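First subunit A sits with subunit B, and in the next complex the same chain sits with subunit C.
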Partner chain A sequence: MTFTSLSYFLFLPLVYLIFVFTQHRFRWLVLLAASYGFYATFNAPQLLIALAFVSCFSYICALQLAKAVEESRRKRTLQLGATVCLLALLSMKLLPRLPQSFATAIPHVNLMTSIAVSYFTFQAISYLADVYLETRAPERHLGYHALALAFFPKLLQGPIERAGDILPQLRRHYEFNYGAMRSGMLLFTLGLYKKVVLADRLAVYADVVYDNQRDSIGLPLVIGTYAYALQIYFDFSGYTDMARGTARMFGIELTENFKSPYLANSIADFWQRWHISFSRWILDYIFRPLQLAWRGLGQAGTALALIVTFLLCGIWHGTTWGFITWGLLHGLYLATSIYYRPHQTNLYKWLRIDRSKWLKAWQILITFNLVSFAWIFFRSQSMTSAWYAITNVWRLSESRLDVFHGTGKRGAELVLISLFLFSWAELDPTLPRILHTMFDGRLRWLYYYVCIMLILLCGVFGTGEFIYGRF
Partner chain B sequence: MGDSKSKKHLLHLAQKVSVLVLTTVISYLTLLLVCLRDTRDEHGYLAAQLDKVELLKNTPSPRLVLVGGSNLAFGVDSAELSKAIGLPVVNMGLHASLGLRWMLDCTTSLLRKGDVVVVIPEYEEFTGETFDGDELLVQMFAFSPDLNTLRRLSPSMLLKANSVIFTWTPGGTTAAAAGARREFGYTRDGFNRNGDEVSHLAFANVPIRSQTRMNANLNRRAVNSLATFIEEQNRSGVTAIFVFPCLMKTRYQENQVTISRIAGELKKHIPQRSMVPDEFVDDDQYFFNTPYHLNAEGRKRRTDKLVEVLNRSSREGGWHR
Partner chain C sequence: MISDRLKRTILSELDLDEFDIRDEMLAGEVPGWDSLSHARIISAVETEYGTRFKTLELLKLRNVGDLQALVDHRTTK
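Showing the complex of A and B:
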């Protein structure tokens, strides 16, 4: 079951009604059962076992951490907890790599998926680190701890929540709030629009180019690459909006995972706006310890820590050369910026263009293109195919747009109009204000109707999969 | 739940949301019906189903009825088959996406004692959810608005059929259909009087793009349903036989593990001696525009093979001609 499947639209109201009519002290149980039930729909009992195991193990480790007095014992407990969680993640990630005949040997069991494992193990590790650093006390109630890891809106693709943010909210007494419920529903609808109308329509253009790459030269490769850059953003941010919208209905506020990432004016800025909960996680638990360890090397140590961190980030997505190169490229972008950034800032000041709007627009354009260039490796099926895209994207005079034949003119128009409206809303506060007035006015139910009809009529249904669900 | 005021608010919201959902569902279905009616192309490929049903009704028994997807429509010479087998042949093959379940439903009520029904579904019918059909079945409902088709429509099919509304241009269908008929296109006129698609035979092969691998999830329900169908037909005096479809060699090689699993599962449930998937696998040069659509030469080779297999089956199973 995913957020775009019809069954979710039956599951969600049902869980909500049971939740709301249950006494406060048992509500955690309702949400925990719903979350495990939601996860069980993927027909992968091994994942349920991994979730239960990581929940119990991190719970015990955290209690041991709090109990231990000696620093060496505390450190050992943290190391053990983090290693076991990572081993659980690794074993689940390796299962789909087994020979196909083995992977399909057990009837009705899907051994080919490792959906959600990264997210709950990362959250468990961050919880242990927080307890070790004494930034929060261990959770004494196993149920609430397990729920914090398994809470269904964020289970499959995050956001990766800090225990300090989510646990107090889960414990808080829920009171029905009309405003929160309405805003949760609207956020969910916006996410649904991003996913089924925008991301899945953009996917048509990216797939046409990248699945039959040899037919594309020049402009189609540019269009395919930009389409993929936008697809992955709308796919993931759409998911996050749906997750946040669902959680808000239950009175839980999840972390905002995206803040207009393609309006970033540098790669460092991009990573503060893209998959925020994950970039914070790798910054805190991989980059900072490495930077600390290599502090003797000065700037070179920081640069090296960045390269290694993003290399690991690439490997987390997959062990293919495409993902590794993608991570390495981002590491290199950030590492080199350490050296040139101070000179660049001085140059802009000297030229007196450091506050220029045009400079900012130029930086945004460059950043977007650098990010899109890295997506080529992320999306291509092999390094040969990525190399083909990079070497042939420049042959603009030989471009033939007939590869897009059959993708539909109306779909392209819809995507362009939507992109224009989304960009307008990002750049100018007038549109959000107009929308706010519309959705607060007397005709709001008419606008809700129009929005739902728009999704029903213009969405691409049936694919269901989210790109980041694979990681 | 908290105080009665909150409860009242929740109830109020639930009522409004229910009305909103109901209104949207009714509006969507109405719009879908209007568009389906308007885009119903009497000369389109799906309209051939009407001719096939008529053909099946009017062909005297005993006859040989072929049931499956487009592998049959594009890849059998029914006249040759009829000559070799000695029975009139009705080729019901149209499109795999209509789902084997619906194909079997449509044929069952029209079969008579003494008929021989040969089921040749595409491999995909036994993986994932293809067996139940997809949104194409919604479009078929426009041609065949019967209870049989209606009961096979699921909410997800109706939702996926929104492409009919999204691409709808009032009056645009006729122009599109005329355009399709100018060169090779999937049209009703392309079928001969036995139900074989023959218009493609005059055209050169179209390059076949690489496709995603077959879904590895075996649909045991599909295998069981086919086994039940064969058993029931055999019990009621109709000879029902399963035969593997034709398939392009490279596609077969890419999906050999999945195909072997399908074959293994079918063998367990359908007690037929001659069941080897690679019997109908042929070189890529014999395929026209998809891994299942044969060209003229491939069609001839496949028909000869089918005659051989049916003769063997006749000897083994003892069905008479």
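Showing the complex of A and C:
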């Protein structure tokens, strides 16, 4: 079951009703049971075991950390906890790589998925690190701790929540709030629109190019690359909107995971806007410790820490050369910026263009293209394909758009109109304010109706798989 | 209270003429102090005070006030 499954639209109201009619002191149990039940629909009992194991182990480790006084013992406990969590992640990631005969040996059991494991593992490690650094006391109630990791709206793809943010909310007495319920449903609907109307329709264009790259030369490669850049954004941010919308219905505010990433004016700015909970995680638990440990190397220490961090980020996505190159590219983008950024800033000040809107537009354009260039490696099926795309994308005069025949013209118009409206909303706060005023009135029902009809008529309903559910 | 010496060291490293740095301020609230410049600023503080902080001590810092407290602890040892 995913957020786009029909069964989810039965599951969610049922869970909500049981939750509301349960006494406060047992509500955690309702949500925990619902979360495990939600996870169980993937027919992968090994993942449920991994979730339960990581929950219990991190719970015990955190209590031991808090009890230990000697620094060496605390450090060893943290290292043990983090290592065991990572081993659980690694084992679940390796299972799908076993021979097919083993994978299908147990009927009705899916050994080919590792969905959600990364997210709850990272959250558990974050929790242990926070207890070690004494920024957070350990949670003494196993049920709340388990729920913080398993909470179904954020289970499959995050956001990766900090214990300090989610635990107080889970413990808080829930009171029905009409405004929160309405905005949660609105956010969920917007996320669903982003996923099934925009992302899955953009995927049609991206897949036409990237599944058969050698059939494309010039402009189709440009269109396919930009389509993928937009597809992955709407896919992941759509999921996050649905997760946040669902959580809001239960009185929980999850971390905003995306803040107009394609309006970033630098790669550093991009990573403060893209997959925010993950980039904060790698910043706090990988980059910062490395950077501080290597500060004796000066700027080179920070540059090296960036390259290592993003190399690991690439490897987390997958152990293919494409993902590794994608990670390395971002590491190099950031590492080189340490050296040229101060000179660039001084040059803009000297030219008196540092506050120019044209400069900002130029920076946004460059950043978007640098990010899209890196996506080529992320999406291509091999390094050979990626190299083909890079070397043939410039042959614009030889472009042939007949590769896109059969992809659906009506869908393209809807996507372009939607992109225009989303871009307008990002750049000009007037539109969201107008829409917000509408949403307070009867017109919001028209908006719901239009959204739902567009979703039903123009949505692409396939497997319902989300891109970041694979990682 | 952030000492003038620490404030001068931070502002000099960030090439700022004047900025009011308070105890409860987070690093990101000081213009130019971000994750990429963080280690450079820490190194500058270490050079100024002739000390070297442990990585764990630095990871526990929550705001500029904590950095001042760490410096005070080291300089009065």
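Please note the rule applied: the second predicted complex is superposed on the first by the 470 of 471 C-alpha atoms of A that agree within 3 Å, B and C clash if a C-alpha of one lies under 4 Å from a C-alpha of the other, contacts with A are read in each partner's own complex, and residues count from 1 in each chain.
One rule holds in what follows: a contact is a pair of C-beta atoms (placed from the backbone, for glycine too) under 8 Å apart; a residue touches a chain by one contact, two chains touch by 3 or more.
Here the structure is a predicted model, which is why all the values come from computation and not from measurement.
With both complexes brought onto subunit A, simultaneous placement of subunit B and subunit C is permitted, the two fitting side by side without a clash.
In the superposed model, subunit B and subunit C sit 170 degrees apart as seen from the Cα centre of subunit A, a figure rounded to the nearest 10. When the shared chain is aligned, no partner comes close enough to touch A:V69: not subunit B, not subunit C.
For subunit A, the partner that touches more of its residues is B, with subunit B and subunit C as the two candidates. Look at A:I452: by the touch rule set out above, it reaches subunit B but stays clear of subunit C.
Legend: residue contacts after superposition of the two complexes on their common chain; A:M181 is shown touching subunit B, with no touch to subunit C. Contacts of A:L283 after superposition: subunit C is touched, whereas subunit B is not reached. Put simply, subunit B and subunit C get as close as 39 Å, counting only Cα atoms, in the superposed view.
Comparing which residues of subunit A touch subunit B with which touch subunit C, the overlap is empty.
Across the complex, subunit B is touched by residues 5-6, 20-21, 100-101, 103-104, 107, 110, 112, 175-176, 178, 181-182, 185, 211-212, 408, 410-411, 445, 448-449, 452-453, 456-459, 461-462 of subunit A.
Against subunit A, in their complex, subunit C makes its touches with residues 34-36, 38-40, 42-43, 55-56, 58-60, 62. Residue ranges of subunit A in contact with subunit C, taken from their complex: 71, 133-135, 268, 283, 287-289, 291-296, 298-299, 301-302, 306, 334, 337-338, 341. On the side of subunit B, the complex with subunit A involves touching residues 1-2, 6-7, 9-10, 13, 16-17, 20, 23-24, 27-28, 31, 134-135, 155-156, 159-160, 162, 165-167, 209-210, 216-218, 220, 257-258, 261.
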